[in-house]
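In the two complexes below, chain A is the common chain; its partner is chain B in one and chain C in the other.
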Partner chain A sequence: MTVVTTRAQTATTRRRAGRLSVWVSYAILAVVLIVVVFAGVIAPHAPNTQDLDRILLPMSGAHPLGTDDLGRDVLSRMLHGTRVSVLAALLAVAIAVVIGLPLGIAAGWLGGWTDAIVMRIVDAVMSFPAIVLAIGITATMGPNIITAMTAVGIVLSPSILRLARAQTMAIRSETYIEAAKSFGARGLRRMVVTHVVPNIIQPILVQIAVLMGFALIAEASLSFLQLGVQPPTSSWGAVLSRSYTFLDQAPMQIFIPGLAIAATVFAFNILGDEIQRLLDPKRK
Partner chain B sequence: MSTPLLSLEDVSVRFPVGGRRHVTAVDGVSLELCEGETLGLIGESGSGKSTVARAAMGLVPISGGTVRWRGEDVSGFGAKERRGFSQAVQMVFQDPHSALDPRRTILQSVREPLDVMKRGERQDREQIAVKALEDVGLSTQMLSRYPHQLSGGQKQRANIARALVTNPQVLVCDESVAALDVALQAEILNLLQDLKAEYELTVLFISHDLSVVGYVADRISVMYLGNIVENATTESLVGRSLHPYSEALLSAQPLVHDSSAERRIVLKGDIPSPVSPPPGCRFNTRCQFAQEGCREEKPALLPVLPGHSSACLRVEELYGERRGKGAA
Partner chain C sequence: MRIFRVVGTCLLSAVPTLILATLIVFLLQRLIPGDPAVAIAGDYATPENLARIREELGLDQPLVMQYLSWIGNAFTGDLGTSFQTGESITALVLQRLPVTLVLTTMALVVAVVIGLPAGVWAAQKVDTPFDRFLTTAATAGIAIPNFWLGMMLIIVFALTLGWFPGPGGVSLQSDPAQALRGLVLPALALGLVGGAEICRQVRSAMVESLSTDYVRTHRAKGLTNRSIVWKHALKNSSLPLATIIGLQVSRLIGGAVVVEAVFGISGIGSLAVEATNQRDYGVIQAVVFVAALIVLLTNLIVDVSYRLLDPRIS
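Showing the complex of A and B:
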């Protein structure tokens, strides 16, 4: 007898797989959040305490993830580094939103000269590869995680800006906007806050989740190049950079920050899809 | 005749279409909306009837002519008068779905005109909105719903309720039943008739559907390519049309008991582009009676019978009535 899988069955299976990845993502993000808040409590050792007698140890009871080249506990450095990495990513995304959202709405809503000027600036920013611009800025301003992530935020802002602009332009020609004008509604608060922002926020939130993943990678890349977090402060990128140098002595250590970055970026991307689903007004 | 509440005098609306070219969507249209009447504005797609409504509401800038509210030029209004005007003239849009913000509840949407005008206390506004929703026949359990949870008819009722909360004198209905099925159309039309009496409304009813306009309107203006071609009471227009275009429109109306096939006048081709309208009478390219003169002289809208004007050069030959005869 042949097994016939109907379309409905395939769809159900796919949906179950979808649900599983969502729960896994929630779990990852929950762990990350707990670590960000309680890093100091959870960590078995201080992150910067050196013990030069016990360098590059493999995993053991005393040091669950081993020790690095200065004898520091890798687990403790990862836990404290989580806080630095996540806050750095949040900073970059916050800057991107603060710049991109109002300018994007303004360009889309006002059109004309405002739009032309804003979009030319955006074109200029976008013509630089993100990491290269961040490297350039940190090279001139001096390596420092705040400067580096501000640069990343500026580089990421066009993606929010363009999305906000496109969404606003679509909303501007909706009949309910014309209806609001017909009974005399005008001005920023009435039109933009009441009608535009609630109707464009859904794709923006999705984009924010995706950018969080991007910003985490940017932090890791910049710290890996020693342009981000400065020693002795720990971050995922800093741990990655350190373990890369001693890859032949302690080959397992490079997987730890790598896995943390990959898992968290994955979780943020799934979160983005999930926000889209949850915020669909047709679900309410 | 009573004093016109809202009048358009020789109003033109032009839109830029790239480069230095313009579309004259509305070309020298005059309309008078008298207190208590229902004026039907009819024409096919692209004739400019919706633009007339938007020009009257101040939603599109007019490039010529004047819009008058109770005899006063609207363009000279200050902020306070402007507010009074937008409170007094409300509009019901064609597509009931897109006219409601998908992220706001029905109650929020219906209350919005009052919120914008900052009338009274929030509590009172809510009560007015609830009353309007009751008047249009929506139950209170609909208040907290979102537009997508309502049927098309319910959404259009909510739109009508929103137009009523400011207690307007004029209601502009722009193809307000076109997006609904026939049974619902009748329901909404009857509702509008009832509300008209209850709220003492004056209605400008725009539609492409003669049977709909004929049912609700006291007077009808027929538009073609940005011009009004005929203006008459409903009875006079339906009974004795004095313009070939109106005749064609009337003949397209399906009849239940009569075979409409033989009297049907089928217009050839599409409505010409308003970017480059034909010279002379705008209708000459599709008119079965068009002659040489129709391609040269543009006919003015002149009274033919009392209260019945037509813009056709050959009105005398075709209908045996002299132009200008009905002038008082």
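Showing the complex of A and C:
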């Protein structure tokens, strides 16, 4: 009896702990969404307004996160930067899906030479460390946020492609697909839209949540290296880069951008885990 | 004899990927908007200078010939000449590569030493509060940008405690001991995040291993838990482990590029950043190429170890 009670208590504690991290993640994502939409309203100052008489100020009522080396309000730059960072990550993930999903479905559905060629290209792209290839593309095409996130989208696309391919291959031989064919369903486009996409979209959603986290870190990395957003535009990586230059004079300023990135990536990863859990057919 | 056959098979299967990877690297320079010669030499370059660059790049030749010439040179160790400094790019890369390799190796050791036992431990306590805590901590660890973690380590261990040198390390050639000391914090920044990833993946692999019938049989035979976990279950998870460690090498090299910038380390990552600022496209191309070669070599080693660990893989 004691054992049963202890196990039940453990399971309850686990569920509560699990739910807590999920609710914290939802709260983080809700705050990020509000900031993305209302950054212009919430920010106390214009993000690019310089005041050279008030440079590198510590935290205060007027400037809750202090000011940077050009006297700009760091909180306002962070809030506006949230919009840039999140939209940049969304752009990268959208590009990854636009490239990876159709190619993955085509490779999985058609098989044969199409599959062999697509997978060799995927292997080649995956033989580059993602951030190094993104740097290579961005540096060559000219550093700016659109190029940088397009490059990130290209290097992320194999993960969507491989997943879409594997899922498509798994359902290709399912009975309902055979049944649809026997009822006269023909044509790649019709079969894909009606039968394949609705059945593979769930794991793709999980992957999208995880990739959002990766894309946020990639944006921050590229902007830190000054290959992403260009001055005076702000993003989390750009604020971090600027703060790091003046680490010895205003060390506190590097905490908030890093925490913002880590918390949002954590929230997206937990969201991915939660989508997977909710979609698990074995879940009671 | 078998090992030679295995290595040969793996090498052959890596060839198409290698060719396609070199094609991607070659095409990088063709992504330069407008005339590559103008982009390299600048808007005020003399016609003679432009002609020299076009000739050196072989831009007047068909694309296929340009590729064949580039790949031929690359595999004989000639990665071209830097248009900014006039130095051999191969020499530049070879000068910067050792420190990146040492940093990546140190980070990999940190990642494995932390991630492997943590993952095994969590798998043994599966579905307990301890497991939940460790898994959540690992998820949080994965979310931390390694370069930001590096900054935090600098503040605590270099600027506040003074235990390790701050950014701007000593070169590996002039003072190896001091240089290695300077690589501890960047290796920790890279390795701790890598360790979090390894922890999650090892946990999944070990949970699966520990729930198999043969583990149950070992328990019934009276083997100690330690022997079952570390000798039998871990051995059975060696294939996913090899994959995880192989993937980590690629990620650590990518991470090293940014972490090198934070710590002022003169590795190939810093070389790529400097080359980007100077629009030295040949150097950027070479760094991407070398990074891909390292990953391909790692994949090859993983592939060979797969076949040696599991003779069923043909």
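The rule we apply is simple: the second predicted complex is superposed on the first by the 271 of 284 C-alpha atoms of A that agree within 3 Å, B and C clash if a C-alpha of one lies under 4 Å from a C-alpha of the other, contacts with A are read in each partner's own complex, and residues count from 1 in each chain.
One rule holds for everything that comes next: contacts are C-beta pairs under 8 Å (C-beta built on N, C-alpha and C of every residue); 3 or more make two chains touch, one makes a residue touch a chain.
For clarity, every value in this text was computed on a predicted model and none was experimentally measured.
Asks: Looking at the overlay, does A:H195 come into contact with chain B only (first), chain C only (second), both, or neither?
Replies: first
Asks: Go through the superposed model and pick first if A:G213 touches only chain B, second if only chain C, both, or neither.
Replies: A:G213 sits against chain C, while chain B stays out of touch.
Asks: Tell me which partner touches more residues of chain A in the superposed arrangement, chain B or chain C.
Replies: The partner with more contacted residues on chain A is C.
Asks: With the two structures laid over each other on chain A, which partner does A:F246 touch: chain B (first), chain C (second), both, or neither?
Replies: neither
Asks: Of the two partner chains, chain B (first) and chain C (second), which one does A:A179 touch, if any: first, second, both, or neither?
Replies: Touch partner of A:A179: chain B, not chain C.
Asks: Name, in rising order, each residue of chain A that touches chain B in their complex.
Replies: Those residues of chain A that touch chain B are 174-176, 178-185, 190, 194-195, 198-199, 281-282, 284.
Asks: Show me the residue ranges of chain C that touch chain A in the complex, using the header's touch definition.
Replies: 16-18, 20-21, 23-25, 28-29, 31-33, 127-129, 132-133, 136, 139-140, 142-145, 147-148, 151-152, 154-155, 159, 250-251, 253-255, 257-258, 261-262, 272-273, 275-277, 281, 284-285, 287-288, 291-292, 295-296, 299
Asks: If you look only at chain B, which of its residues touch chain A in the complex?
Replies: Against chain A, the touching part of chain B is residues 57, 59, 82-83, 86-87, 90-91, 93-95, 98-104, 109, 112-113, 116-117, 146, 148-149, 159, 162, 166.
Asks: Can you list the chain A residues touching chain C in their complex?
Replies: It is residues 10-11, 13-14, 17-18, 21, 120-121, 123-133, 135-143, 213, 217, 220-221, 224-227, 240, 244, 247-248, 251, 254, 257-258, 261-263, 265-266, 269-270, 273 of chain A that touch chain C.
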